[in-house]
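As structure tokens, here come the structures.
Presented sequentially are two complexes of subunit A, the first with subunit B as partner and the second with subunit C.
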Partner chain A sequence: MVKENKVLKLAGYVVLGVFAFCAIAPILYIISNSFMDPGEVQDAIGKCRFHIIPDSFTLIQYYEVFLRKPEFLLRFWNSIILTVPIILGQIVVSLLGAYAFGKIEFPYKNKIFFMFILLMMMPYQVTLVPVYIMLKKMNLVETYASVILPNVFSTFGVFLLTQFVKSIPDEQCQAAKVDGANHIKILLKVIVPQCKGAIASLAILCFIDNWNMIEQPLILLSDKEQPMSTFLSQINQTSPGLAFVSGVLFILPAILIFLKGEKALLEGVQHLDIK
Partner chain B sequence: MEGIEIVKYSKRESVNGYIFAAPSLVGFLLFFGIPFIISLFYCFTKGAGDIEYVGFQNFIDLFNNSSFQLAVKNTVLFNLVSVPLVMVISLLITLVLNSSLKGGSFFRMTLTLPLVIPVASVVLLWQITFAQTGFLNQVLVKLGVSGPDYLNTKLSFVILVLLYIWKNCGYNMIIFLAGLHNIPKEYYEAAAIDGCSKVGIFFKITVPLLLPTMFFVFIISIINSLRVYREAYLLLGQYPDSSVYMLQHFMNNNFTNLNYQRLSTASVIVFVSIAVVLGLLFKLQKKYEV
Partner chain C sequence: MKRKKIINIIIVAFISILLVCTYFSETIKNMLLPKVTVVNLKSGAIGDAFETQGIINYENTHKIYASSDWNIEEISAKVNQNVKKGDSLGKVDNNAITLEERQEEIQIMKLEDELKTLRNTPNADKNKIKEDEYELSTEKLKYQQIRKGLDENGNIISDIDGNIVSINSQGSSASANSAALFEIADSNTKFSVSFEIDSNDSEKFSIGQNINILINTDEKDNKQKQVSATISQKNYNSEKDTYALSAEIGDTLDLKSGDKVTISSVEETKRYDNVVPKSCLSEYGGLDYIFVVKEKDGALDTEEYVQKVQVQVTASDDTNCAIKAFEGGSIPQNYGIVMSTSKSIEDNSEVKLDTEN
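Moving on, here comes the complex of A and B:
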């Protein structure tokens, strides 16, 4: 029995080890390649060699990206210019919406909320045509706003925060009301302080989604406004060495946010349950 | 939704509700509701300047369009293959992770990492691995087998499934872990006292009590599988092998010629089909109280 347990445990470690390796290998690969000499990278890729330990450790590719080829950094800024306003905007819009759907009774509330959920589950391509029609009418195509605006109003945020707001006891809002607080006060003094974790969850999930955006920029933005996510797929083939450095720069914020907010991320995903 | 509503709304509260919901509601109408109605209108017309009513002609044309047929077939096939696979694999990992091994939190963190890693930055490794003279084929050659150029053959379907699993396993694992956590420990203790085997415990306690979580994972996996265009585009470009030509490719590629009618018809069909499938699934869930 004891022996059997040991075998099972070992098998468990093997399974976890294999999957953990698969999960982490691509990241180690691009990090190690970013510290190689461009010639070395080119050579390994040309021969499709899985080359992971640098022959000589060098920062030359970083030097190229930071000082010689500023277009790489520009793409990075494009990603930030697109992502940060979306996250901030979505938090504000979603908080207001979540308070309405979670704590106020009004006609057609459930029907509207149902429509929100339905839209949230659709692939981007379904909404791309309607969004494009509207942006064209507003003369916003090929501006940053064409990507930012529709994403600020993504119904996902409202749904996620409503799940959290609903779990706050009604009595607390009632008590505040008895004390003479209006809705804005209740939202700011009762709801928001208890939703800090939820807001962090939304910010992280929203970041993950928008930092990686592909569909919208491809169709809505011109070449010079493209973010890192679409740009990387172009330079992956032509200049892999610089793509590794850009890839590391691009991953870095994602990993830092993940390390800082892993708990919030887990909580957010667990609250996505649609009932 | 909840049967007959007998709630009486206070007028003031209703106004307040709409005020707070306004930003999200206006956004919803502006970027989806209103333009969706406009695209509904496009579905039944043709021509750019002189718009002409054509009935269901656009729908008939679309259903007879061979690339649309291919796209529908591939999308359905991709869901049928990838969703069960990712569910089984992520459940297996979660069970192992949950069996009180050392280093659980390290493994959990590592395994959720792909969720946050931008696919754009790691896709090069996949391309190198599966190229004609790539890493995988070099290993195969040493074993005396010569492999194909994976990314330009039907095998790109398999590789896309793998990439989907790589990306989404962590997501499902997080949900499964929470589900397992919610099963009371006493049940397991009682079963162990009754002399139930490990396999028996799994099928008699874990599976039935985990069903609601499985349903949740199922839905999320479908949603994510419908979004696999991102990974497909990054891995295989805009014009991939026909085995991975999905509905999303069909729609994105039709944007280049801006055929509003065809695009609108396709989005309406996709929207309605997904809504119907999800609606049926939720009905089933309610019926069996999963």
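Moving on, here comes the complex of A and C:
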């Protein structure tokens, strides 16, 4: 019986190990190839070989990207220019929406909230054409604002924060109201301090979502304003070696932000789960 | 706590590196790029041929002078303008000319009256009559001269078909003694070419010798026409230790004074369309290549990069070689060709043009 359990346990480890390898192999592949000579990378790709251990360890591709090809760095900053305002805007808009849905009574509140959830289910591609036409009429196409503005209004952010706001006891808000606080004061002094974790998890999720965006920049931005996410696909075809380094640079901020806000993110997700 | 600190350090370091590299990207890139000097493809000769640059001059032009003291009001003609006989070139103060004419008319009338009186006088002094007759004819000539070159409205009139090559209007007045007001090149205008040679090459050229003049007929396509000229002057300049030569061009061509031409001691048939210094050639696997510098839009600005082009060497001497495109290929025209580079380059390498030399 004990022996049978051990065999099952081992089989479980093997299956999990295979899954873990499948999940981590692309990242390992990117990292190891970024330290190879461009010729070695080209050779391995040409021969369709899964070459993961470098013949010789070199930083030549990092040297190329950091010192000789400023377009990589400019694309990186383009990604930052697009992502940071979206995160800040989304937090502000979502907090206001969440406060309204969570703490203010108004007609058809639940129905409107239901519509919000429905909108959340809708893929972005569905609204892409009307968004493009509206932005064109506003002369915003080929500006950073064309990507930032539509993304500031996120139904997911409102939904996520509403769950947190609802969990804050109404008595606290009423007590603040008795003390003479208006809605803005209640939001800033009562709600926000208790939603820090949720705001952090929204920021992380929002960062990952917008850091990886492809469709909006491709359609709405000119070539010079394209972020790293779209540039990676272009560079893949011409300089695969440099694409690996760019890939590492591209995933590094996401990993760092996740490590930095890991706790807040887990709290946020768990809170959603409980609700 | 320690983990948090490490993550913070990594984030700060990562952003700092990216910031510094981006901010100084142009400087860093310029420091690292290979600096190249370029030359342009040009036609020329290979071997012992002697070539130098010369400047075209007019040998003779038609000149228009002020026939009396003119107060010039306006110059309407411009240099390089084609004019026809009778065209107005400018305007002078017509009142001053008319006044001068009338004064002259009065003088003539006085002389005519005096002559008439003398002739009707018995035993008149014949010498005095002759003297007055002579004076009268002189005044009549003067009268005709006043409006020479002008019409009744005071316009300066061209008396020849041709092209205005110079206008010498100094201020608002011109006298009969001053330099020609207009110089016009017509179909009879001859050209000469002046050039300078080092005293070491002086033996190659002597008075009466024929030389070949290559005139660019199409700058874009690098097309040239060859004419011959005969050396007419050879003067030694002791200060510079050079010889200044002048040669008369036989053909009347569509030339302008100041045009730069190539003077060659060989026939056009022995010349080559694409001549470059030998240092432009690179050899890989027994084949010859040149690197052509092209431009493209880059992340920061326009970027220069090189394109490797396979060529065939058709002739060469110690310094230069004539090249032609390899079978099926072509040599891109109007682009610089890399003559020297500070670092090794390959096809599509980004480069920086060395503008200091």
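Rule of thumb we're sticking to: the second predicted complex is superposed on the first by the 264 of 275 C-alpha atoms of A that agree within 3 Å, B and C clash if a C-alpha of one lies under 4 Å from a C-alpha of the other, contacts with A are read in each partner's own complex, and residues count from 1 in each chain.
The definition used in the following text is that a residue touches a chain if its C-beta (ideal position, glycine included) is under 8 Å from a C-beta of that chain, and two chains touch if they have at least 3 such contacts.
Everything numeric here is computed off the predicted structure, so don't read it as measured data.
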Could you check whether subunit B and subunit C clash or fit when both are placed on subunit A?
fit
In the superposed model, does subunit B or subunit C contact more residues of subunit A?
B
Touch check for A:Leu128: first (subunit B), second (subunit C), both, or neither?
first
Answer with first, second, both or neither: which of subunit B and subunit C does A:Glu105 touch in the superposed model?
first
In the superposed arrangement, does A:Val158 touch subunit B (first), subunit C (second), both or neither?
first
Under the stated touch criterion, which partner chain does A:Trp77 make contact with: subunit B (first), subunit C (second), both, or neither?
second
So, does A:Phe57 touch the first partner subunit B, the second partner subunit C, both, or neither?
neither
On the A-aligned overlay, A:Phe66 touches which partner chain: subunit B = first, subunit C = second, or both, or neither?
second
Smallest separation in Å between any Cα of subunit B and any Cα of subunit C in the superposed model?
16
Interface with subunit A, subunit C side, in the complex: residues 4, 7-8, 10-11, 14, 17-18, 21-22, 25-26, 28-29, 32-33, 298-300, 350
In the complex with subunit B, residue positions of subunit A that touch it:
8-9, 12-13, 15-16, 19-20, 22-27, 29-30, 45, 47-50, 92-94, 96-97, 99-101, 104-107, 109-112, 114-116, 118-119, 121-134, 149-150, 152-153, 155, 158, 183, 187, 208, 211-212, 214-215, 218-219, 228-230, 232-233, 236, 240, 243-244, 246-248, 250-251, 254-255, 257-258, 262, 265-266, 269-270, 272-274
For the complex, which residues does subunit A have touching subunit C?
66-71, 73-74, 76-77, 224, 252-253, 256, 259-260
Quick one: in the complex, what on subunit B touches subunit A?
1-2, 7, 9-10, 13-28, 30-32, 34-36, 38-39, 92-93, 96-97, 99, 101, 107, 109-129, 131, 133-135, 138, 166, 169-171, 174-175, 178, 216, 219-220, 223, 226-227, 229-230, 233-234, 237, 247-248, 251-252, 255, 260, 263-264, 267, 270-271, 274-275, 278, 282
